[in-house]
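We just call them A, B, C and D in the order they show up, numbering each chain from 1.
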Amino acid sequence: MQDFLDNWGITVMVFAPLVGVVAMMLLPEREEETHKLIALVASVASAIVGLLLLVNFDYDRSGVMQFARTDTWISVVNADYSIGLDGMSLPLVALTLLVTPLVIIYSWNHIPSPGNAKAFLMLMLVLHTGMLGTFVARDLVLFFVFFEVVLLPMYFMIGVWGGEQRLYAAIKFFLYTLFGSALMLVSFLALYWSTGSQTFSITGLAELVADGDVARNTQLLIFGGMFLGFGIKVPMFPFHTWLPDAHTQAPTQGSVILAAVLLKLGTYGFIRIAIPILPEAAVSWAPWIGLLAVIGIIYGALGCLAQTDMKRLIAFSSVAHMGYVMLGIATLTDFGINAAIFGMVAHGLITGMLFFIAGSVKERYHTLEIARLGGLLVQAPRMGWILGITTMASLGLPGLAGFWGEFPAILAAYQPAPGLSEELFRVYMVIAAIGTVLAAAYLLWLLQRTAFGTPSEEFEDDPHIHDTVFTEWVAWTPMLILIVVLGFVPSLIFDVTNEPASMVGEVIAALG
Amino acid sequence: MFLNQFLLLAAALFCIGVYGVLARRNGVLVLMSIELILNSVNINLVAFGAYHGDVSGQVFALFIIGVAAAEVGVGLAIVLLIYRNRRSIDVAEANLLKG
Amino acid sequence: MSVLAQVVSQPEFVRPHIDWHAFAPELILLGWGALVTIVDIVGLERTRRFMPGLTGIGFLLAMVPVLTLWAQGDAFDGATLPRVLFDGAYVVDHYALVLKGLFLISGYVVVLLSTNYMAEGDYHDSEYYQLIAASVLGMLVMTSARDLVSIFIALELVSIPAYLMAAWRKRDLASNEAGLKYMLMGVFASGIMLYGMSMLYGAVGDTRLSAIGPALAEFSSSPFVVIGALFTIFGFAFKVSAVPFHTWAPDTYEGAPTPLTAFLAVSSKAAGFVGLISIILFGLPELSEVVQPLMWILAAATMTIGNLIALRQENIVRMLAYSGIAQAGYMLAPLAVYGDVPDSVQSSIVTYLLIYAAMNLGAFAVVITAARRTRSGDISSFGGMLNWAPGLTAAMVAFLFSLTGIPPLGGWWAKFQIFNALIEPGTAAGYALAIVAAVNSVIAAFYYLNVAKQMCFLPAPDGDNSPIKIPAPLNSAIALTLVFTLISGLALLVPDITNFTELAGSAP
Amino acid sequence: MFAVEEFTGEVVVYSSWFYDNVWLIPALPAASFLIILLFGKRLPYKGAEVGITAVLAAFGLALLTTFTWIADIETDGGAESHSEEAMAASGPELAVEAEDGKEGLKFSRGAPVINEVEWFGIGTDANRVTLGAEEGAAAADGDADDHGEGFGGGFSIPIGTLVDGQSVMLLFVVTFISSLVHIYSTDYVHGDRRFTHYYAFLSLFTASMLFMVLSSSTIQLIVGWELVGVCSFALIGHWWEEKPNSDAALKAFLTNRVGDIGLLVGMTILYFAAGRTFSIPEINEAAVAGDIGQGTLLISSLCLMAAVMSKSGQFILHTWLPDAMAGPTPVSALIHAATMVVAGVYLIGRLYPVFYEGFGIAGGSINAMAFIGGLTTVGGGLLAFVQRDIKKVLAYSTVSQLGYMVLALGVGAYTAGMFHLFTHAFFKACLFLGAGSVSHACHHSFDMKADMGGLRTYMPKTFWTFIIGTAALAGIPPLAGFWSKDEILVGTGAFPGTDGNGTFTIPFIFGLITAALTAAYMTRCVWLTFFGEYRGHAHPHESGPRITVPLIILAVMAVWVGFLNMPTAFVESVGLGSGWAHKFEDWVEPEGVATFVGGANGFTHAKPSLLLAIVATGLGLAAGLIVWRYYTALYAKDPKATEYSDGLASRNSLAAAGHRVLEQKYYLDHLYTDVVAGGTKGPLARAAYWFNQNVLDGVVNAAGYVSTLVGRFVYRYIDQGVVDRAVNVSGQSASESGRFLRRIQTGQVREYASLMFGAAAVLAAVFIFAF
């Protein structure tokens, strides 16, 4: 068993969904239930293998790549099929493994218009593979491939099953990301050649760069390329404009996946690739990243205040929340990076949850216009409660998951890594702290307008409006439990991320 | 030797040919202008061949003559086709496809 | 001394040694082409429906020696790759073999594409297939040609049948016009190219690239040589439809029969690239400081302008034409750094050619199939295709995204190789072009996605969603290209056969 | 607390099962919250029984803990040794000293008992702190210094309990009042639409408050701080169907969030400044030992002050508190009078060395804290004057009293501040619950003018308890408020002969004014509610025992708790042993020696002054009597009137001028009452109210409004207009250039040829010239 996991565990976990895709491809479209079942089985199979990995993971050595395996893939460019799991990727892999099956369960009776469960779930599974692959890849080419693989399914998910403006949103999402990743690829290749010994191995490159094989200016430029690639995916101000559209137009499931996992690919790229490989450049770029992060925090919050659509508001809030994550990363300290990883998971759960609720509200009220909603607590009290808890979590209430991504990031900004300007980061800290007020403002405002009060006449006696149904409970409960549990036992994540984050922090500290 | 004279002749022929291609509207005349260009090349090749004392230039020229015949043959066939459908061999009128 | 020079200068004719095995693909295709012609002449109408199959078999038969040469080139008859024939004018190496394979297979696919189109269109189809065979023969010659004369012959052998085929729909004015434009421009471009070739010959006194290459070192940048080199390159730039020599392409593509368009966009363009690679890498290695900036400009202009115009196209074939122009820009790009890293440049362009052939032929195959129903080339007429042809749509999406360069579809590996070659030397020019290419890939995505959008997101314009029947030849063409697109996307096979490290730069 | 002398003794740490298991106290209501949440609706009493059981159990434990604490203190020297000479000599057994021998906070008595476990840690393993239950605060010292060294060391975030006088006192208050409120609510919110939810949140609130009170680390404090905020939010918005209620809830939460910026930033600064520690004792120690620069301390104090201002309703962030009265009255009593709102005061007390050093309280005459407190106390008092709503009167009164506490802490009168917190909890809870009882009788109205009056005959128990509460609040001896208020006034050190930590004249004057104001507005409130004639339309009746018993209990407390901290002189003069004096101080204030920055100024206790007590009480009585006179005169004129129809305030138009002249006689008659009482009540208080509603509250509302506007602007013009547009425009321009470039493709083959040859010629020319 151990042997199997060591050699094949990750591979099986990543590619199990594709087996489901093949199976579904062979079945006719009309057997919808079978498709749902296959999709669920595939994603759960992946999750079970993932769970075995999680159980067998040696938590005392979370800084080390485990279940690692490296096979030659493209010998021409020395690109390997190199995968592994460490403390940095583990929480995100776990998040992905959790969210996809839940989304599939939610889809059981929420296949968005115009239907076609087969195609929808196939895309979902492809997406799953892509996301998992990105988190386990230890080779830049492999990473790039997986990073891009997620584009396609998401494009179709938005384009086919999305809202009114879906065409615009889908293409915007696609083009933005493609732009970033094209430049990212250029950066990867530049790195590959400029070290002098051609390798795409992340650790190998980090060592080569540390040995001084790459000129400082080259490093800066390469980092710039990666910054664009990852920054767009995060998304950081001012590359964020694809996000509100994509989130708003995507079907519920798409929004959930986008918020929960996809955005993390960018931030994960920073802490897995950009910073460890190019620490010197990271130090030079960090003030700018920090600046964009705090601009994002305030800007995202202001954007939220202006929204009249529930889903768009939640979407904009991602800009602000990812700002905290990026601020944590920009401090380049172990503390900040820990906070960032926590922030990613927390944001994934919370915002994912918010999108779930928005989807269910839309399904019942056929609108997400905040002005027309109200009295959710009256008409669907359980859902109203869930919305309340989730908003509280989102605004960073201690005792719920959101806080541990936000406060430590602010804390870390007080004392950034050596070599970074303390004064500057302290200003960022204060701005970020102000952001928490705005976050509370728009989220509570949302809560007040949607959950409190009494239902408007229009929906007062609408028979379609019912409380949470079974599939929703199944899909939501694990997320809600995690939101609370992580709020009280943050060590669940911090214990895992600690070592790898410290390793990054030490690399930076060694420079200063 | 008189290499330069041959080259200048060839260049002049080439230019005339190019002018013909660009200025003539008559399909047949365009083909003939191209023929001029090809012949200027032949002159070049033969002259260079002689200059270098190397036969491959002349061989090249022979091939060009052969190929030119084929080209003109195909070209005339197409012009003829156009004429049959349009009753005109004005290449300027062929502007159905654009943009 | 070329082979004919020997004939002239030596009183006694000595029969040159001919490596028949190395020459076998061309011979088989030639013989088979003759056979097909004879069958056609003898059988007339009765044999007509066997023509596509027969021609296809010819391509596959010619593949046999290609494979044996590749696999057992060392052992079969004692000769090793590269096999040099005719005193260096004709070389069979891995590079040539890979491309021969490409041309034969893509020829075969074009035959598959043409089968129903020709059979249903009431054209003279027998001759059409013979002409394709002739054109492919020219391409086979092109891969091995290392001499200005043979390159020229090969180029004309590729082009002249294509002129005819472009005008194949005799009663269609658009087709006539396509043929006319293609022919006039092609011949004119040949003239320019020949003028340049004559200059190169004049400077060196030899037509073999292996002789021209080193000899040009002395001339480095005399106007004479520069004009020779530039004009020669322009001839090929026309063939690969590089901006500003691209103007014929959209018109011809649109007017010509669609299978032929596929042939032009893929095989013929690839042949142009082969010639270009041969000329530049083998013939002009010493002239890199002149040719590199030229290729930089051509590549940047080609990809940018091609993409920008493609944005505004409403006709799918025309869009594919412009997209093909842009793709040619990517393929030209590595030549902007060939002086530094000839090996990678050669590998990357050939990689791109292989993958491009698969995905573009696939896209054309889908267009031809879908057009059987829509009877129109308008992109908007493809609306709702997801409903009436889901499999076809999935395939088209794969081809489009491959063209965009999204992993895990072939196109990404092709682009990756291009970027790789551009960045390898670490020059500013290389980086700059890589960034231009990166930005362009985003612009390109827009119009590829536009097609995907029409097919997947929008309803059918006529509201008819009944499924369509796909003829077997088209089905197999799509399957073939799709499989290759997917395989190459996982970076299998292609990297292994395009790794020419031992060849380039050391022209025989 | 801190004294100048060198301390030679050792740190004393008490131990007891109760201290080690004090976590049970918050755990009980927390468990109750979960049970009510999950099963509440299915229980016979809809969850109320669970909440009451849990909170009573918690109260029992808290009581035992309190007694243990008192017993420990008493054994450890007790009252006899509280004098400074004796204190220095005391050297008990259970001593643990900081291992590095560094000067820091050293307690001779009442040292905090800390039980911590690592909540989670971040950073390299080697440096991580692990705190066992046995190792006390001192053990953490050594490790704390390690973090300070070098970069990227370990971080440990502990969770645990800190038991000392201050937390024990709050434990007692919170559980006590919470128990009463739980019982009271069974009647008061009986039949409410969300009865179960109500109890769930009461339990959660109690748990959070206790969690915060017991916090041993700043991070735990923040967690508790936010959690009580949320409970407050939920309970203010308990009747969220009505928009004003949810508005009030939002306002409360958001205003508190503004203060939280300060909390987060301030705690962050302290975390790093104190050598990377969240531990409250360690931070205090660092502040006292001079490890933190004065500037840093000042900045962090100011930041934390923002949090205090929002949580404890200090000017200018107080406006949410009166609005918070939208919640059910028992909630107002528990959260917005007795417990949660004093969290800010508690925070100051918890980190007192930081504030003390940061504001340079020693030897000062004014500082931000004292000034804000003074301003709040007077401002709140004035505002309380003009309210119609009985709960709002009490709310502003709470604001005023909280200002008093902050003022006390600002002038260095730590014990006085804490003592006032303690006494205030009882009489203010009593008043609020009394107001609830009144409204319960009057159709749930809180409008004193329209729906009350003359209620003393209908509900005597409520009346008498209310009177006791009022008297205690007004500082009438010998009720609780008198003692604590007096001590604060003394603590300012401004009155001759009191010798405080400095000479805080302005706060002293503020304090005196408030003493008078409090008596005045409470008299008005009592008169309007209980005297005169009944003006409502209901049938007022006395409330049931579940309401009146808590009232009586609280009234009893309000009577006697003041005796806990009598001055020595007084105790001696009435013939009790000096052991009766300053019990509260002994129990709550830790004693020890600290090394101050500069070492010159220490923390001292002021000397009580009989004269001052008389003056302050006299002022209060006088003010009360004037108001009383005003209303009796009014009553004589019209039994149902609540205000002169043409009082100063209403004569503000030219049209009224003639009327005024005619009424001159009337005015002469009432010059006294009108100008003095009405003058205060009318223009001044009204002006203050106007300022409050339109400026301060307006600022808060405007802040919300403006940020929404800014949000809209940014979204519409910057986001959609510039950032997003830039992207779209670049897309369009690409497309447009495509359109332009299409024109090349004319369809004319000769033009194609020209282009081709032209390009060839140009390129050739360029390259020939270039090379």
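Keep this in mind: a contact is a pair of C-beta atoms (placed from the backbone, for glycine too) under 8 Å apart; a residue touches a chain by one contact, two chains touch by 3 or more.
In this text the structure is predicted, and so the values were computed from the model without any measurement.
*Asks:* Taking every chain's C-alpha mean, which one sits closest to the mean of all protein C-alpha atoms?
*Replies:* Nearest to the common C-alpha centre lies chain A.
*Asks:* Which chain lies the greatest distance away from chain C when centres are computed from Cα atoms alone?
*Replies:* Greatest centre separation from chain C goes to chain D.
*Asks:* Find the geometric centre of each of chain B and chain C from their Cα atoms only, then give the gap between the two centres in Å, rounded to an integer.
*Replies:* 25
*Asks:* With chain centres defined as C-alpha means, what is the inter-centre distance between chain A and chain D in Å?
*Replies:* Each chain's C-alpha centroid was found; their separation is 39 Å.
*Asks:* Using mean C-alpha positions as chain centres, tell me how far chain A is from chain B in Å, no decimals.
*Replies:* 64
*Asks:* Taking the mean of the CA coordinates per chain, how far is chain A from chain C in Å?
*Replies:* Distance between chain centres: 42 Å.
*Asks:* Counting only residues that touch at least two other chains, what does the list for chain A look like?
*Replies:* Residues 175 of chain A touch two or more partner chains.
*Asks:* Touching at least two other chains at once: which residues of chain D meet that condition?
*Replies:* Where chain D meets two or more other chains at a single residue, that happens at 731, 742, 745, 747, 749, 753, 757.
*Asks:* So which bits of chain B are touching at least two other chains?
*Replies:* 21, 91, 94-99
*Asks:* Provide the full list of chain pairs in touch.
*Replies:* The set of touching chain pairs is A-C, A-D, B-C, B-D, C-D.
*Asks:* Over in the complex, which chain D residues touch chain B? Could you list them?
*Replies:* Listed in rising order, the residues of chain D that touch chain B are 742, 745-750, 753-754, 757.
*Asks:* Would you mind writing out the residues of chain D in touch with chain C in their complex?
*Replies:* Residues of chain D touching chain C: 731, 734-735, 737-739, 741-742, 744-745, 747, 749, 751-753, 755-757, 759-760, 763-764, 767-768, 770-771.
*Asks:* Name, in rising order, each residue of chain C that touches chain B in their complex.
*Replies:* Residue positions touching the partner: 1-2, 4-5, 8-9, 148-149, 152-153, 156, 160, 163-164, 167, 170-171, 173-174, 176-181, 183-184, 187-188, 190-192, 194-195, 197-199, 201-202, 205-207, 250-252, 254-255, 313, 318.
*Asks:* Spell out the part of chain D that touches chain A in their complex, as residue ranges.
*Replies:* 119-125, 151-152, 155, 219, 222-227, 230, 233, 237, 240-243, 246-247, 249-250, 253-254, 257-258, 260-261, 264-265, 268-269, 271-272, 704, 707-708, 710-716, 718-719, 723-724, 727, 731
*Asks:* Can you name the residues of chain A that touch chain D in the complex?
*Replies:* 172, 175-176, 237-238, 240-241, 299, 301-307, 333-335, 338, 375, 377-378, 392, 397-399, 403, 407-408, 410-411, 414-415, 417-418, 429-430, 433-434, 436-438, 440-442, 444-445, 448, 451-454, 489-491, 494-495, 498-499, 501-502, 505-506, 509, 512
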